[in-house]
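Residue numbering begins at 1 within each chain, and the chains themselves are lettered A, B, C and D in the order written.
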Amino acid sequence: MTILPITLTDYLILSGALFSIGVFGVLTRKNAIAVLMGVELMLNAANINLVAFSKFTGPGVDGQVFALFSIVIAAAEVAVALAIVISIYRVTRTIDLDKEDTLKG
Amino acid sequence: MYPFIEQYVWLVPLLPLLGAAVNLLAGSRLPRHAVSTIAVGSISASFVLTVIAYLHIVSLPADHRQFIDTAYTWIGLGGFKVGLSFLVDPLSVVMGMIVSGVSSVIHLYSVGYMHDDRRYSRYFGFLNLFAFAMLLLVLSDSILLMFVGWEGVGLCSYLLIGFWFEKIENARAGMKAFVVNRIGDFGFIVGFLLLFTAIGIRTGTWSLDFGAIQSAVGLVPTAVLTTVGIMLFVGATGKSAQIPLYVWLPDAMAGPTPVSALIHAATMVTAGVYMVARMNFLYALAPDALRVIAIVGALTAFFAATIGLVQNDIKRVLAYSTVSQLGYMFIGVGVGAFSAGIFHLMTHAFFKALLFLGSGSVIHAMSGEQDIRKMGGLSKKLPITTATFVIASLAIMGVPGFAGFFSKDDILYNAYTSPYGGTFVWLLGVLAAVLTGFYMTRLVVLTFYGSSRMDPHTAEHVHESPKTMTIPLIVLAILSAIGGYIGMPEAFGVRNVFAGFLGPVFASGVRLPEGSVPLEWALMGVSVLAAFSGIGLAYYFYAVDTELPAALAEKYNTAFRPAYTGMYVDEFYSKYIVGGVMGLKDLLALFDSHIIDGAVNGTARLGRRLSDFEGAFDRIVVDGAVNAVGNGIVSAGGVLRRLQTGLVQNYLIFAIIGMAILLSFVLL
Amino acid sequence: MSMDASAVHALFFYFFAAMTIVSALLVVLLRNIVRSAFSLFFTLFGVAGVYILLGADFVGVAQVLIYIGGVMILIVFGVMLTHNSYSVDMFNRLGTLVMGTVSAIVTFTIVYYSIRQVPWLLSGYKANVPTTQPIGVQLLTNYLLPFELASVLLVFAMVGAAYLIRSEVRPGKERAGGSERKDA
Amino acid sequence: MMQTDLTRSLLLIAPELIVALAALVALTGAMLMKRSRGREAFYIGIMGMLGAIAATVILYERLTLSTAFHGMIAIDPFGLFFRLIAYVSILYVLLMTMCSREMKDTQGKWELVAILSGFGIGMSMMASSTNLLMIYLSMELLSVMSYLLVSYRRGARRSKEAGLKYIIYGSIASAFMLYGMSMLYGIAHSLGLSAILTAFMDHSYSHITVYVATLFVLAGFGFKIVMVPMHMWAPDVYEGAPTPITTLLAVASKAAGFAVVLRFFYTAYISAVSMTNYYVNVSPVRWLLLIAVIAAFTMTIGNIVAIPQNNIKRMLAYSSIAHAGYMLIGLSVISKEAVSAILLYLTVYFFMNLGAFFIVMIVDNSLYSEDIDRYSGLSRMSPGLSAAMTVFLFSLTGIPPFAGFIGKVVVFIAAIDKGLYWLVIVAVINTVVSLYYYARVIKKMYLETPPEGVRPIKVGVLPALIIISLLVPTILFGIWWAPLQSFAHFSSFMY
């Protein structure tokens, strides 16, 4: 058995799979924090793409820089999201997304 | 002469608008004389400006008698143009003078007539608004702006007909006018939108200016033009009270009499005729539409006259006569004799305004009584009213020498000779002339001559009207007497000044065959004969042998009570002529009672606010929108709303599904 | 590059890929949120490994420092602070579960096809060189404005987040006031 | 050389620097001042915004087309237009917040000013970005600030729920966008938008890939402009957020979305035929058709679901979805006129929508309700408010002579000009449908009797002035809109 060299496509498929798992997570999890973890998976998938393209195509490190920024922003986003989750938890004593449905129609 | 007017045409409609604004907003705080001064002053100033425009135009060479005053370009995007521009050419200047002139006279008359009314300032505000809308309609340079005026007169007529809305019938009449006009306007909208798209697609010019339409109309296929022409004419049947949409006009008598005069003479009902004349270049390419117009006009002229025979309300007689005379105008424009139609429009404006104002004077004197069976012998007490009324009657009946003679004759001659007319149209016109002679004579004799049938209490109070009312009568009487001489037929060996003046406007219109003088004399003879036979018959029945109708009636039906002399003729006619012959009228009545009244009732469920504007808004806009949108959309809203579950993950699922659908849609 | 090196590279790739995917699946499937959070820890490590494989050493380090050092701590704190959420059912009702699965499969199919369709223009194999310096230079030249913008974002996000979770106001007072008809 | 370039670049973002300065002052205030005092914060915010507006106007005057910060942002009329919109709308939101009952007992006024400033910087950078990274970054800045603002009312259940939904939906949308951007980076080998155009012209890529990348990116943009199918968050969030913030989302956030989507497509997907005013789509995908279909769905769904609504903020939320649909018509054809039509529509929409939301807030201040039913007989409680509301609603419907009509006309004409008749017909039918729910409010205000015992609503001087300042353009631009058109036309120029 020979091991085929790893190409760009392999990285892309890895990222696609990770992204889809993230999609599954954000759509099906009931717990708000679990949903946020799903988002992190999706963002990581995109970052893999960026770094892989940066490696295999074109000059420069643009993709890596983008990934770097994306990591930083994800951190900020998570901080804000958790702040919101905690503040809603104080009001309703739950972070169950199924209970957050008073606004509808 | 006066070239400055080329930049100031916009003042003509603006002045009455300003007058209306002042009177409606602040009028209740102003003294009455200030209100009337503003109202009469603004419309008179418009009249003066129109006359100046006329003088300016006349001083130009005949082929260059036209200018466009673009006051403001509202939308100008590429080929799409909408703005406030005013077209002054012989046609619009004549119409402008008729509208502003007759309106001025009626405004003046109203000062006396409405003197004691509670809502004096509101009345004058509406009256000014009415004049503004009509002047806008007449002077506009595009169908779109014309449509604004078109809707404006509809709205004002609604406001004014229902002016005394405390009485439920008045409010209903206003509503009816509104609804019927909406039906017509729908046709109008469809017509001009069709034209707009047809031209826009072919030329890339999205404009509704008359100039642009005229230059592009040749590219549009005839079938489209015919449809457009007929749809526009549907709008005209609403505004100008033609079969089958005439039903609102007789009911519109509910408004104050000067308003009736305004509607019947100067504004509103002439709009349809003017519109057809203005679009002459389009109709020239749609001969089938012209034939439809001529036939509808002829039928209307005849049938309305027969209905007029048996009316006992002085204003209703005049109302049906207006419908009938409008039929004449449509015969004129329908057979392609546009200037003849406009000519009749003008003379009719004079004598019909006079007739209404005269009847107003009578009603004023009779303390509100409108039934001619309860009048008689008024000539001694109301000498000026009687004299002017008789002059107007002679004019409308087409007695030679008076204004109506020349214009009616012009139309009938053209109806006979034009390729779009023919014997049928002509014959209906002549028969209508006989009937006109009859019912007008009947009206005059029963109202002013013979013995008084008034109740004594009313008789004591009969008096001639104040000067603000009689002066307008005299002015209009003079015009009714001599106004026709500017359009004398060429058979008299003179040039037709009126037709010559309007000629360039209709230059691209319909080619009519050359006239033959002997034929013209012969046809003229026939129509004179027709008028006099009607007059003679009526005179015999109602003045000479007043017993004869009674005897006739007795012979056919002894159950008639011999209440008033001459009334048997009415019974006779209603039984054997009107009732018997005219199944069509029943059909129209059916239309009236079922469709129109149904529509009125349907939209007018709540009686309380029937007449004030908010109520109308509620019903027409809101309920109308509900019905138009349909319950389907509303329930679709309910269904889609249920998808909005409040769960954010469901929203995400919908977004992903939606994107997948979009993707498959564009990839397939 | 020798065949061996390629094979080693491939083996490392499969190792990190497996680690990433398996732990990611655990993240979205485990019922206990604390365990989910620890699975995420492994996923992020796996991704960092992939970065290193791709020669992005600086990004890999940043991943470890920021994600694992910052984000993960935050998440764990979040889990702790909303302590009774252990007991919350982790999964939605069945319908959502099915639709979520379908959506995920559809997404993967779409992404997979679009990856396979493109003739990606490759610029040849680039040797792995240290990237810290070029990235640093880039950040202070070409990417100066994004750098500043990111710092603005971080500052304001922290200020806002701090405001939201500060609880100096007596909660009862604010909840009682106003017209919150829908307040529970 | 390097240094002068930096100085020049910094001058070109002077408005943002002024706003950042104001934000810093506000943050210092947050640390030093007593929490109960907050009015000063608004004054600082207002001064900052006025300064930024002045700086933007000066930039407009001395405009030389250029890029700044190594091609990260473009300095052009298009960008400046949206920077202006950003600061003017934040100015209005600050004023609104000062008048708002809901926000009165909220403590963090200093932080609020700082966060609004951040929003402004994000929006202005979004409109100017010519680089994928910049777009992502500035959009995230705007989004994160929006999440914070929506959930700003402490203890208020609705505000929190809205914030949670918003951040979950938003972060997922931006994850999709990031994924799409990474694919575009793979195609273009560079993050600059113009590189994508070059890549499309030089190589042929599979249209499936480009479609997927475009759709993913569009998911992020569409989330901001509230287009179908990424629209469902909007009604919930609009309803739950404090009214001034709802206004900010409906007006500024949407404008920012349009700015970025226009810039994105016109720089990366569309090329001007040289020496002409004619544009062509050079990408391998027929995205124009895609947008046209989306536009039709967006306006239809927005209008239809608006009909059964009982909460006026929710109704206006659906109406704003519908308006996004009308504006998307301008995006589904490519021409200079279409861009300027969208800009004109946005300006007009700014005034009328802000006005409508402002009146909703004033009414809520007095009646403690956002139910449409509570508007019964409003004309008797406050004739002025009802009249102004009527004007705004008629304008939103698109009835002449109000500005909303002009907005619709220019967009429709841009579409007709390119032969997109079916979409215009759909839009016209939609306009008719929309009359129903707008007229319902007017009907309530004028035709129905108020409940017993209502007192007249008093409107203070500041709110009255704000309403007038919105009312005047709504009417004036309906009648005299040539200057607006030439402004929009000028602003449609992208570097």
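Throughout what follows, contacts are C-beta pairs under 8 Å (C-beta built on N, C-alpha and C of every residue); 3 or more make two chains touch, one makes a residue touch a chain.
Everything quoted here is computed from the prediction, not taken from an experiment.
Taking the mean of all protein C-alpha atoms as the reference point, the chain centroid lying nearest to it belongs to D.
Rounded to whole angstrom units, the spacing between the C-alpha centres of subunit A and subunit D is 27. Our note on geometry: subunit A versus subunit C, Cα centroid distance of 4 Å, whole angstroms. Rounded to a whole number, the gap between the C-alpha centres of subunit B and subunit D is 50 angstrom. Residue numbers of subunit A whose C-beta contacts span two or more other chains: 19, 22-23, 26-28, 35-36, 47, 54, 57-60, 62, 65, 69, 73, 76-77, 80, 84-85, 87, 90-92, 97-98, 100, 102-105.
Of all residues in subunit C, those that touch two or more other chains are 92, 96, 99-100, 103, 107, 110-111, 115, 120-121, 123, 143, 146, 150, 153, 157, 160-161, 164, 171, 175, 182, 184. Residue positions of subunit B touching 2 or more other chains: 641, 644, 646-650, 652-653, 656-657, 663.
The touch graph of these protein chains is complete, with an edge between every pair of chains.
Listed in rising order, the residues of subunit C touching subunit A in the complex are 6-7, 9-11, 13, 17, 20-21, 24-25, 27-28, 33, 36-37, 40, 43-44, 47, 50-51, 54-56, 58-59, 62-63, 66-67, 70-71, 74-75, 77-79, 81-82, 84-85, 88-93, 96-97, 99-101, 103-105, 107-108, 111-112, 115-116, 120-123, 125-126, 131, 134-135, 138-139, 143, 146, 150, 153-154, 157-158, 160-162, 164-165, 167, 171, 175, 182, 184.
Interface of subunit D with subunit A (complex): residues 132-133, 136-137, 140, 144, 147-148, 151, 154-158, 160-165, 167-168, 171-172, 175-176, 178-179, 181-183, 185-186, 189-191, 235-237, 239-240, 308-309, 314.
Touching subunit B in their complex are the following residues of subunit D: 164-165, 168-169, 172-173, 207-208, 211-212, 215, 219, 228-230, 232-233, 235-236, 285-286, 289-290, 293-294, 301, 304-309, 337, 406, 409-410, 413, 416-417, 432-433, 435-436, 439-440, 443, 446-447, 479, 481-482, 485. The touching residues of subunit A, when paired with subunit B in their complex, are 23, 26-28, 35, 97-98, 100-105. Residue ranges on subunit B touching subunit A, taken from their complex, read 641, 644-649, 652-653, 656.
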